[in-house]
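Next up: some structures, all given as structure tokens.
The following pair of complexes shares a single chain, subunit A, combined with subunit B in the former and subunit C in the latter.
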Partner chain A sequence: MASISTSKAEISYIRTGLLSNPPLRADGRGLHDFRTISLETGVAPLANGSAHLNIGKNPHDGGGGTEVLAAAKLEVENVDGHGDGVNGGRIVCTVSCSPSAYPHLSAPALDDLQQDMSTLLHQTLAHPSLHPPNLGILAGKKSWLLNLDCVVLADAGNTYDALFMAARAALWDCKVPRTRAVEYKASSAAPGAKVLASGEMDVDVGRDIEAQQSGFDTRSIARAVDFELPDYWDEGEVLGGSDRWPVCVTLNIAAPPPSSSSTAPCVHYLDALPQEEAATPLRLLLVFSFPPSSSSNLQAMRILGSGELESNQIRDFVASGEQYGQKIWNALNGKLKEEDVRRGQKARDRFARR
Partner chain B sequence: MAFALDRRRINGPEDSFPPSFDLDASQWKLGDPRKDRSPADIRSIFLQPGLISQANGSAYIETAKTKIACAVYGPRQSKNTTYSEMGRLNVEVKFTPFSCVRRRAPMRDAEDRSIAVAIHQALVSSVRLELLPKSTIDIFITIIESDGLEGCVASGSVAASTALADAGIELLGLVTSCAASVVGKEIWLDPTEEEARLAKGTVVVACMPALQKITSIWQAGETKVAEALACMDACQEKCTEIHSVVAQALLESAKI
Partner chain C sequence: MISFASFPVQPERGSEYARHFPGDEDDHMDLDDGDFEAGGSKITWPGESITSSQAYMRGHGTYVENEEVVASVAGTIERVNKLITVRAIRTKYNPEVGDLVVGRITEVQPRRWKVDANSRQDAVLMLSSVNLPGGVQRRKLESDELQMRNFFEEGDLLVAEVQAFFADGAMSLHTRSLKYGKLRNGQLVTIPPILVRRLKSHFITLPCGVDLILGLNGYIWVSKHVKESEQEGEEGFDAEAVYSNRNDFIDDSTRIAISRVANIIQVLASHFVPLTDTLLLEAYEWTVENDTDAKGLLSEDVGDALVATIAARA
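Then we have the complex of A and B:
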């Protein structure tokens, strides 16, 4: 991925450090330690759900670290067979990388990088198995299109984990506006009802069932033609399946160089710095979801970078990746609930005190 | 889309729709056995190296409805002037406009790249790029007919590896690849497009059977960890069989 220029001596130094016993990393972390992660939801006021995530912010001056902004925005889409709209709605994920995060990459290389990230995020999150139940509006007519846009503002290693965490937070935060179906009906049905200027009136579906039945009309087609929003624009129900959006664990694999005769086993480590990413190109990406009632689901698994693995190594990596994933999942859930309280209950209390 | 319109060719209408046929009476339901073949069967493979005489190496692969031609040019001098110690492997995938049910406009789109990246990942660790400084190996893959993304990635990897061997480029081993999908409780190998749509999750594994090493795993969808690992094992086993098909094809083309 991001190949900042790293000399051979530096690569060998970093690799030897990782493979030594006890392992040594530039910032003094253990192999399986994460840097500090900070997360805030609701940062984009015009989006339906948003999150700002930072991994490895410098505690002294508040700078540095991988920085990702994710926002989910809903659009109404026609389901008429001409466009891409489908019944029940759809999700489109895109990742854009800020050129300031990758100053060493040329424009086409940056395009390729963001397209690779978009593809992985889209293939994982837009898979039918994760599709939220409440993105439909009117069957066969209208549905929501959820655009999940992530921006990588700064890259200090471990972008994929950051992207998936930010995406999960933004989707958790996403509220779908409530809709009510509306249908038009001839005014002759109910004399004395409020008649609109055009000679039509609007009736909520299911309110006047008797009035709808006519001797001639035996069609069973859905009659709702449009919808209205009963709420204010910023309220709504939580996007369904918010407890299923997965988290990603990137296992960076440091293997002894093939030319050397050392018999040190391959080790894996988490949350790589950019220099470490350049020194150990092989990565195993594991995306887990932990449903409350059953065992964990694997939502995506990729090998990235040159290098090869044996199947029993992959088994070990997946088993340990599952444990790390569970920890990230629990910590993230705790933080997201805390954020909900901060923005809901506490904000109301503060408002009431004024 | 309009900005990249090529005026020299017949572009066709802006949007086109495939004809929709009456649905088959015998719809597959969850729990039914697989149609046409048993779960562990793969579609039969036709593989022919050396069909494109102009290229240094080439291969054509056909597995039922998936038809892919692949040409390898190189190793040749890198066009850009920057020095690189390792050789570069460049994979490009094109869909023909008539390869899918819905017409694909003859332009580069996102799916081409994601398949190219997957095939690159499968191949890159098998090629001895450290022996080819300052050079590039170009692999051009044309998907003539496609039957599911997973099948394209798997067959494309096999074809590309065969073409690399046909071009006489030094490899650590032949790469073979196989897809699997989890449908209900069963694991179906080498799914077609329709079967992949029914599946909860799919796994594509690329490995070098001669060295017992896995070069790429591409998994999507919802699978339990145990199911994903079972798919991996099943694919790896099938890859060993595909390896003998590739070796046989290469041997026959070398004799002529």
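Then we have the complex of A and C:
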């Protein structure tokens, strides 16, 4: 994928190191160690929820690392036959890659790459099983469209994990503005004669009266025609399903070359550097969600690269991937709660200063 | 297995944030003659006016505004007679003839290779500037042109010397020495080029069984030590060995040492410490004394402690 050019000697050096016993990685990490991950939520003031994530930032000068920005923005959509809007709202995810993150890729190749990432993110997060309950506004009329836009600012390996973590953080941070349905009613004194709001509501008024008159019609007809945003002290209610948004685990699978006679088992490792990615023929992406009520769900699975995998191996990989996923999940949740506290503290400080 | 951190806190932009207007400063510095020689190098930053444009000429890294020479990059001020230049701190590598560089082949072209050497343009390695099988000086044959990928192919790393410049400023490399050629048995570390000082020798051997090649372009090759006697070439120039892609057997302790040295270089570079052989050796000894493995060097505290100790000794 993001193959920086690597010489054969380097590839063989990395691969031999991974397959040796004990396995040795170029930067001395263990096979299942992540680099330090930095995370900050609420970075984009105009978005409803946003996050900035960096894997492998140099602790001292702050350079390097895979850098991803994610922002969720809500938009009102009409739910009628013409547009794309659906009852209960929908989610659209887009990933764009900065050309500076992939200087060696041509423009079409970069488009392909971001298309690949967008497809995976969109198919996973827009799946009905993860759909948040509070994206509807007025049944049959209006709903929220959640645009989740991610930007890969720099790629130093393990982009997919970073993307999903940033997406989860942005969606966790996302607040849906409170809405209040507005309906127009005729005053009871003179039915149909006086309209409270503008004159174009005549039709609705007429229907209202019909609905009231029919005693047998038990269907509840939505009478609200529009909504307003009440002025309230917070930014809205938290987007539902925040305990379900999944995390991704990339298992990089290093197998001994088929030509060699050694029967070393293939090893998998996490959080690859770009050189390691270039030296690894096969990557298995597993996207897990760990809802509190039920057991874990495998939300998506992808195999990247030219290597081969047998079906009985996949079972083992999924089982171990689930354990790593759980650890990432717990660590990320802890960090997200910490971020909520930090931002709450910051907001209180600012309020107190006034 | 996994740990999260926060981004460093940005300074709050408030009343305490004093804006610096270029007009009303008292510390306006005008350079008098001999200003540089006395106090060593002077550091400047973009937008700082250096001197009057009537007395001096502007060079690289500067521009003229309101009859003043103003720095356009952060770096050290240099002066040659009346010419003022600013040498940027963070910059691409500026090649000079005779420099030792480590590069990576990006393209194979007719009778030449293009080499990425962290410079503004790709360097060129002509087929006539490499050692060819057969050892002795000989004419290039058509068969050599047809099998250029047997010598170097895309992605290969090599160590070479800057031979000359082309008219467009691109550098021409040569590997006409048995010290130069393809790189194997190790890993590459990239640091800002300014941190590599010009040394007596850029081939360093550490006693832990690790060879280092400090390319002046900021690419550093860390590899397993090859004994003087076992080096390929000498009289019987063995093209098979010199252009081989296969690594030798590297034992675990050497691998660990290589990773440790690579991480030491990263730590020193992130603290902006220029590299020398003695410094690297001291840093390596420090990690051995403190029983720090390569992974431990990645954490901030250990890195800070290492640099503090090195700075104190130096």
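Operating definition for what follows: the second predicted complex is superposed on the first by the 308 of 354 C-alpha atoms of A that agree within 3 Å, B and C clash if a C-alpha of one lies under 4 Å from a C-alpha of the other, contacts with A are read in each partner's own complex, and residues count from 1 in each chain.
Basically, a residue touches a chain if its C-beta (ideal position, glycine included) is under 8 Å from a C-beta of that chain, and two chains touch if they have at least 3 such contacts.
Fair warning: this is a prediction, and the values are worked out from it, not measured in the lab.
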| item | value |
| --- | --- |
| Combined model on subunit A: subunit C and subunit B, fit or clash | fit |
| Which of subunit B and subunit C A:30 touches, first, second, both or neither | second |
| Touched partner set for A:299, first subunit B, second subunit C, both or neither | first |
| Touching partner for A:61 - first (subunit B), second (subunit C), both, neither | second |
| Partner contacting more residues of subunit A (subunit B vs subunit C) | C |
| First, second, both or neither for A:354, with subunit B first and subunit C second | neither |
| Subunit B versus subunit C as contact partner of A:38, first or second or both or neither | second |
| Partner chain in contact with A:334 - subunit B first, subunit C second, else both or neither | second |
| Three-chain overlay, closest Cα atoms of subunit B and subunit C, distance in Å | 8 |
| Sites on subunit B touched by subunit A in the complex | 15, 17, 110, 113-114, 117, 121, 124-125, 200-201, 203, 208, 211-225, 228-229, 232-233, 236 |
| Residues on subunit A engaged by subunit B in the complex (per definition of touch) | 81-82, 112, 115-116, 118-119, 123-124, 127-130, 289, 295-304, 306-311, 314-315, 318-319, 322 |
| Subunit C-facing residues of subunit A, complex | 5-10, 12-14, 16-17, 20, 22, 24-30, 32-40, 52, 54, 58-63, 270, 275, 324, 327-328, 331-332, 334-335, 342 |
| Partner subunit A, residues of subunit C touching it in the complex | 1-8, 104-106, 154-157, 182-188, 245-247, 250, 252, 255-256, 259-260, 262-263, 266-267, 270-272, 293-295, 297-300, 303-304 |
